[in-house]
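Both complexes shown next keep chain A, but they swap its partner, so chain B is in the first and chain C is in the second.
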Partner chain A sequence: MNRAFALEIARLSGEHVVLVAVSVALAALIAIPLGIACTRREAIGRPALRIVDAIQTIPSLALFGFLIPLPFVGGIGAKTAIVALVLYALLPILRTTVTGIRGVDSVVREVGVAMGMTPRQLLVEVELPLAAPSILVGIRIATVTGIGLATIAALIGGGGLGTLIFRGVAMVDARLLLAGSLPAALLALIADFGISRVERRLSAPPSRDTRV
Partner chain B sequence: MSRAGVAVILGFVVAACARETRPVVVGSKNFTESVLLGELVAQTLESAGCSTERRLNLGGTLVCDKAIESGAVDVYVEYSGTALTAILARPVSSDSKRVTAIVREAYAARGLAWGPALGFDNTFAMLVRKSDSQRLHLATIGDLRKVALEFRPGFGYEFTERPDGWTGLQRAYGFELAQRPVAMDLGLTYRALAAGEVDLIAGNSTDGLIESLGLVVLQDDRAYFPPYEAAIVTAGAIDAKCPGARAALDSLAGRIDDAAMRRLNFEVDGRKRDVGLVVEEFRRSVGTQTPKRR
Partner chain C sequence: MSCLVELIDVRVVRDERAILDGVSLRVARGEAVAIIGRSGAGKTTAIKVVNGIVAPEAGTVRLDGQSLAASDLVALRRRIGYVVQGVGLFPHRTVAENVGMVPRLLGWPQARIASAVESILDSVGLEPAHYGGRYPHSLSGGEQQRVGIARALAPEPDVLLCDEPFGALDPIVRRDLQELFVRLRRERGTTMLFVTHDLAEALFVGDRVVLIDAGRVVADSDAREFTSLADPIVRRFVDASGLGGEQ
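Entry: the complex of A and B
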């Protein structure tokens, strides 16, 4: 493998990481507050979950077809790719946020109320910490599937490892296909491992030990 | 009844079935135009009294070729340029008469007949918006040199990557656009062009979207693109299966020009109409439909 090709793989891997990181971060910023709102009001919860479910079933090419003519979010390139990736990442994060908060033991919640906690305090100090492992599972799923999914960015000139894969498909070149898929698989493994470490920390019982 | 008697009767039955009802197998590739042409061939054969079996939507070129070579398919529509380069692995040529002659001879050597040409050429087409074409006076590919600085091209991966794609085209015409092409999904390039995200795309000359999206094909006045004339390929076995088949297929020669093919593609891709109905309508309109004799 020559140097220029190695550099290109590295550059596209970098683009790939950016696509996934930005889209999962944005999806989390939307889905976690939305998930909280869902547990507060059924009138938001039901339709929101339905819509996010429905988005998941739209094939990526069709979604891009819709997005290209739209102002602001549309067009071609990485921006539109990120919009699509955000939409696809909403489902796991929203679902696990709702499940996590709903799963908080009602006794724990009542204790909080009895201690005079405001709803806000209850959320920030009781519900969210207890739901955190569940939410993190959602982010983990969104990230790992996102790494595979982000190859679709190459369908609209958005860069990333999909570029190599689609080039490989067009040119019937197995070398290019591997150069695109192997780094993506590797990234997925790394991300999965990294997030699982964070997860383990969060789900460990809070230590009262003051010794270092 | 003796066992021998049963065997003899069974033998007759099998032989009779094999002779009488072996249908002509019609193949096609897995894209709209090919399926339409497969349906056209099948309906034409049926009007001539042949029984047919449709094997439409077979993978790609190589699947169809292997199928007809092995006798699993008796007839399908192939493009001259594709046969030359993808199947016969010969060098590209932009001389359409020569391409047809080479392909016909090579197919004959394989026991296949390169049959009547349908009349259209599904080659690459450089497409621009009609408004740009009028405003900037773009009629030929060479005219692109006028907009070399500002035009943004967007192509499918194949056209972007292949040396006989964009790179070769610019060399043949002696111009170079300042901006590198955006590589993207081929189908989405049409939408990107219509939405004004790119200014130049490479599509197919018979694509139904050309008219419906208001696009213009730039003339390939230096004949850079090789010809992809559609022709009916038949295997020798077709005569035994249906004696009238060849004459019926010959009646399709030259019946579909580029514009007609675009319209047919648009009926199916754009209007989402049923392939069978679209083909029936077309056959009625050009008068190739004869009463069914079954």
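Entry: the complex of A and C
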């Protein structure tokens, strides 16, 4: 493997990481507040979950295709790819935020209310810390699946490791295919491992014992 | 004596069933009222009406003469200590953080919180240096229960609501804490509503004993006279507790 090729793999891996990191971060910024809103009002919760569920059922190839002709979010390039990746990352984060907050022991929540916490204090002091491990599971799932999905971004000019994979498919070149997919798999493993560690750090001490 | 806690004809309905059916209860400032009754009678619900966790369908709840419905519940709850049935410690907070939570919400300076936490842990028989930094999951059931009691007492509340606070305690610690409660009343003048299954405990801690059955108050009497009441439900309670021997 020559030096130029190695550099290209490194550059595309970097693009890949940026695509996924930016989209998961944006998705978290949308899905966590939305998830909190879902637990506050059924009227938001039901439709929001249904819409996000529906997005997930759109085949990824088709979603990228649908986005291209759209104004603002569409077109060719990394921006469109990020929009698509954000849409896919919403579901796991939204779901785990909702289940995490709903899973807070009702006695603990009641004690918080009874000791005079405002709804905001209850959220910050009790609900979010106790839901954090669950929310991180969502972020981890979104990241790992996002790393796989982001390979399709190359199709619409989004860059990343998919560029090598599509070139490999077009040229029926197994070496190119591997050069794209192996680093992607490695990135997914690293992300999985790294975020799992943070999850364990954040989980409340009771589960810290049992999970080591 | 002015009336600190007043429930007037309170009705709470769940699933089309009245779980409190016209409950009236007055607690004077500094008084300790023990609430007894069978499982499912509505004791916990009656307690939760006082701090507004349960909003009654009908009737009035007053604290210090002010209707709860017209009060700032957040501010009011910080003056009411609550020992919940089932302890409910914050699992992600240390013992000291649990106990210091309300003082922190009240904006006490750090040093005052630390000394209050230390002295109240001491009072409930938990060595502050040994227990302060531990997490709830590493404590025994009885230790957790004592942390829950300490948490309710730390901010020196005007009113203390206790829902079976001593259930998981051995008889020695239990007696120590009963005495602590009696002492707190003398020293701080804390008003107490105290739910228990144990009639002897009710008579020891309470000035008055209120018996609730099926959502109604069936007896409300001075603790010294309770065991000699003629009401059949009271009699069953007294006989079952083995306290009616002299009758």
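One rule holds for everything that comes next: the second predicted complex is superposed on the first by the 204 of 212 C-alpha atoms of A that agree within 3 Å, B and C clash if a C-alpha of one lies under 4 Å from a C-alpha of the other, contacts with A are read in each partner's own complex, and residues count from 1 in each chain.
Keep in mind that, in the parts below, a residue touches a chain if its C-beta (ideal position, glycine included) is under 8 Å from a C-beta of that chain, and two chains touch if they have at least 3 such contacts.
Since this is a predicted model, take the numbers as computed values, not measurements.
Annotation for the three-chain superposition on chain A: chain B and chain C fit side by side.
Once the two complexes are laid over each other on the shared chain, residue contacts for A:69 go to chain B alone; chain C is not touched.
With both structures placed on the common chain, the touch criterion links A:156 to chain B but leaves chain C unconnected.
Once the two complexes are overlaid on the shared chain, A:174 sits clear of chain B and of chain C alike.
Contacts of A:4 after superposition on the shared chain: neither chain B nor chain C is touched. Of the two partner chains placed by superposition, only chain C is touched by A:114; chain B is not.
Centred on chain A, the angle reaching out to chain B and chain C in the chain A superposition, using CA centres, is 150 degrees in steps of 10. Once both structures are overlaid on their shared chain A, chain B and chain C have a minimum Cα-Cα separation of 49 Å. Across the two superposed structures, the residue set of chain A contacted by chain B and also by chain C is empty.
On chain C, the positions that touch chain A within their shared complex are 51, 53, 73-78, 80, 82, 84, 86-92, 101-102, 105, 135-138, 151.
Chain B meets chain A in the complex at residues 154, 156-158, 161-162, 182-185, 187-188, 191-192, 194-195, 197-198.
Only residues 61, 64-65, 68-69, 74-77, 154-157, 163, 166-167, 169-171 of chain A touch chain B when the two sit together in their complex.
Residues 105, 107-108, 110-118, 121, 125-126, 129-130, 204-206, 209 of chain A are the ones touching chain C in the complex.
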